[in-house]
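Chain nomenclature is as follows: A, B, C, D and E, assigned in order of appearance, with residue numbering initiated at 1 for each chain independently.
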Amino acid sequence: MIEEYLEKILWTYMFFVMIATFGVSIYGIVFRPNMLKKIIALTIFGDTANVFMIFIGYRAIYPIKPPVLWTSHPDKNVLNTFVSQSIDPVPPALVITAIVINMAITLLITFLAIQAYRLYGSLDVRDLSKLKG
Amino acid sequence: MGTREKILLALIIISLALLAVILSFGALGAVPLKTIRPLGSFYLYFMANNNIMIQEIYPSITKPSDFWAASTEGVTAILWDYRGLDTLFETSVFFFAIIGSVSVFRYYSASLEEKNKKNTNNSSINTKTSDQGLSLIVKLITRINFVVIIAVSASIAFHGQLTPGGGFQGGATLAVAPLLAIAALSRYFVEDVGLKKNTMLTIRTLGLLIIGLLALAPLIMGLVGGNPYIMENQPKSWAMFIGFPSFGLGVLLGSLAFYNMAELLAVGAGFTVVFLLLTLPEEFFKKILSREVGEQ
Amino acid sequence: MLIELVKTIIFFIGMGLVGLGAVFDLIGALGLLRFPNFFVRLHAATIGAIGGAVYPLIGVALMAPSLESFGQYRWYLMGGAIVTALFIVLAAPTGSHALARATHRAKVVPVEPKVVDHLEEDKG
Amino acid sequence: MFYLLHLVMLVLMMSIGFVFAFLAIMERDLLKAVVFSAGQAAAYVIVYYLLMSPDIVLAYAAIGVGIYSAVMIIAIKKTERYEKV
Amino acid sequence: MNLESLATTYVLIIIPVFLAAFIIYVIRAVKGPSIPDSVLAIDALSYDVAAFMIILAIYFKSPFLIPGAIILAIWAYALDIFVAKYYEKKELGE
């Protein structure tokens, strides 16, 4: 009984921590003036979103294993035990795609930021917005 | 902070609080489920299944091998087989991001030639001395570590269908080798070894080309004999080309191993290009940019 | 029979190493917290990295052959542990060395309990 | 009992990740922010590990701890280190 | 009691010690007056996390959780080298 309550409280606490991280990173993206700081905040936001997705796809059971089969020739019992213990493999597959695309976008933005510094001598968005032409 | 920022901040806080309330009532599953979802269960049953059990679960299926992904690792099976097209376009996004980066730094080749010319004129004093890179200890240990890194990345990529890992993970591990070489031994060492920008671009394009050809192979074979399909590993009993060779559930499982190797090449070479571009000395860019501005 | 005995002894040696590693880890962490400045903390970091990471890894590698429920994959566990231990033995001191040398050169942190500073003299 | 220990580890690592993320955003010294961001990535690596997805551990350890930090350190070296307020 | 359950129980006792050490490392990384202090703490934290991952593989009885450890160790080393290079040289490519 007490374990169930504790379990629920702990899971809810984790979701709240995640939402707090979302809030902090959105603050960084919107209000910090430096472009590199914006990029760091963006990566933190993306990572937290990925963790959120994995959390939703998780199974709350104790003997839990990654979705990898032990034997290459499974019979019926092995397969049933495997499915009853393994996590859902769909969210990890989605998250790997998300991580790669995040990283590609971050690389491109970083290159653009460096080029902007070379051309205009500043990374501050307030300075960059005053430029003309 | 102006009025607009205040409104924006208030909106952010309100939406996050709304999300928190929704979650705490358990809408998205504040405590994760104890059972598995049907889609996940499908993937888990059929990713490495040798015709067992399928007809019990889905009696309508007459040819069980139609759904077989030939991998003992669930995530790789989904990435390169069930959602193969998605991964193909993801690799393309990575490819075009690097194309964009190269085109942003498009003065690269000119500056490198200038640097080489300067070196030959000045009898290359700063490029060959011990002044480059970090201390001798770091250089030696880094050279030893290259062996470990390359072996680990190869094992991660080539066993991708049996143990956790795969092409992208192996490529991201392989990328640490040029990165450490750039930091510890200087980028001139990397270019002397032969890892130049254009070579790496070629290898990367080759990797993507292999992936594309592998994906299109069933289509081309199918166009000849009828019933074409694309990018899938599992044998199709109704098609002319019944799938890539899979020698039992041994080491080489269908096309997954080839996809992983090609992805390893593409990702490792792509990261090398990025780091070679990023660590270019700043003074050449300044010179070139000032010249261009002066001409205008 | 003899092989079983040897395996069991090796297993207990491995367990001892894992426990020793945990204790060393805590000691290294406390040292890193309590020592006064960067150059002194390098000692504690070495205890944390070598004592806290390499010893447990060797211990796991020794424990692995007795874990029957892992099947043939216990050799995979053993190999992974040994390779990681080998890499950390090589990398951790090198990383600390590079960091200490760069910190000294850039004068980020003053060398405080200083009797003699040969690195400074070498630089001239 | 086992399950609760698992949950306590998860809670601890999420909290460490939040602390590092907060410091990374609020820090004015960008180099320090990058180091804190690497710490956040290391905490999230254990979170992914405890949520039983070793594939993501492989990909994210390489990208979050290594490549982001390296790219950002190079970019800071090329541009400027302190954020203007 | 066979060796396996002994190993699981033993690892269960070990885990809190490691967690305490992690918390102390984090305190040093947050407090660290200079950047090398933080980097040193995060470095030691990463190596210990790598070891912790392999120990936990015994606890969860799953050998497929271990390959992340070596990757984490490799990239922690790379972080060290990069911060050192930042302080030592004018350009990171030299």
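Here, a contact is a pair of C-beta atoms (placed from the backbone, for glycine too) under 8 Å apart; a residue touches a chain by one contact, two chains touch by 3 or more.
It should be emphasised that the depicted structure is a prediction, and the values quoted were computed from it without experimental measurement.
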Contacts common to subunit A and subunit C (chain labels): B, E
Pair sharing more residue contacts (C-beta pairs) when C-E is set against B-D: C-E
Most distant chain from subunit E, judged by the mean position of its C-alpha atoms: B
Distance from the mean Cα position of subunit D to that of subunit A, given in whole angstrom: 11
For subunit B paired with subunit C, centre-to-centre distance based on mean C-alpha positions, whole Å: 32
Mean-CA-position distance for subunit B and subunit A (Å): 17
Distance from the mean Cα position of subunit E to that of subunit B, given in whole angstrom: 25
Junction residues of subunit E - those touching two or more other chains: 22, 35, 39, 60-62, 64-65, 67, 70-71, 74-78, 81-86, 88, 91-92
Multi-partner residues of subunit C (each touching 2 or more other chains): 73, 76, 83, 87, 91, 94, 98, 101-102
Multi-partner residues of subunit D (each touching 2 or more other chains): 2, 52-55, 57-59, 62-63, 66-67, 70-71, 74-76, 78
Complex interface listing, subunit A residues touching subunit B: 7-8, 11-12, 15-16, 19, 22-23, 26-27, 30-31, 55-61, 66-69, 71-76, 79, 82-83, 86-90, 92-93, 96-97, 100-101, 103-105, 107-108, 111-112, 114-115, 118-119
Of all residues in subunit D, those that touch subunit E in their complex: 2, 5, 9, 12, 16, 19-20, 23, 29, 31-32, 35-36, 38-39, 42, 45-46, 49, 52, 54, 57-58, 61-62, 65-66, 69-70, 73-74, 76-77
Subunit A partner contacts - residues on subunit E that touch it in the complex: 60-62, 64-65
For the subunit B and subunit C complex, residues of the former touching the latter: 134-135, 137-138, 141-142, 144-145, 148, 152, 163, 184
Complex interface listing, subunit A residues touching subunit E: 63-66, 68
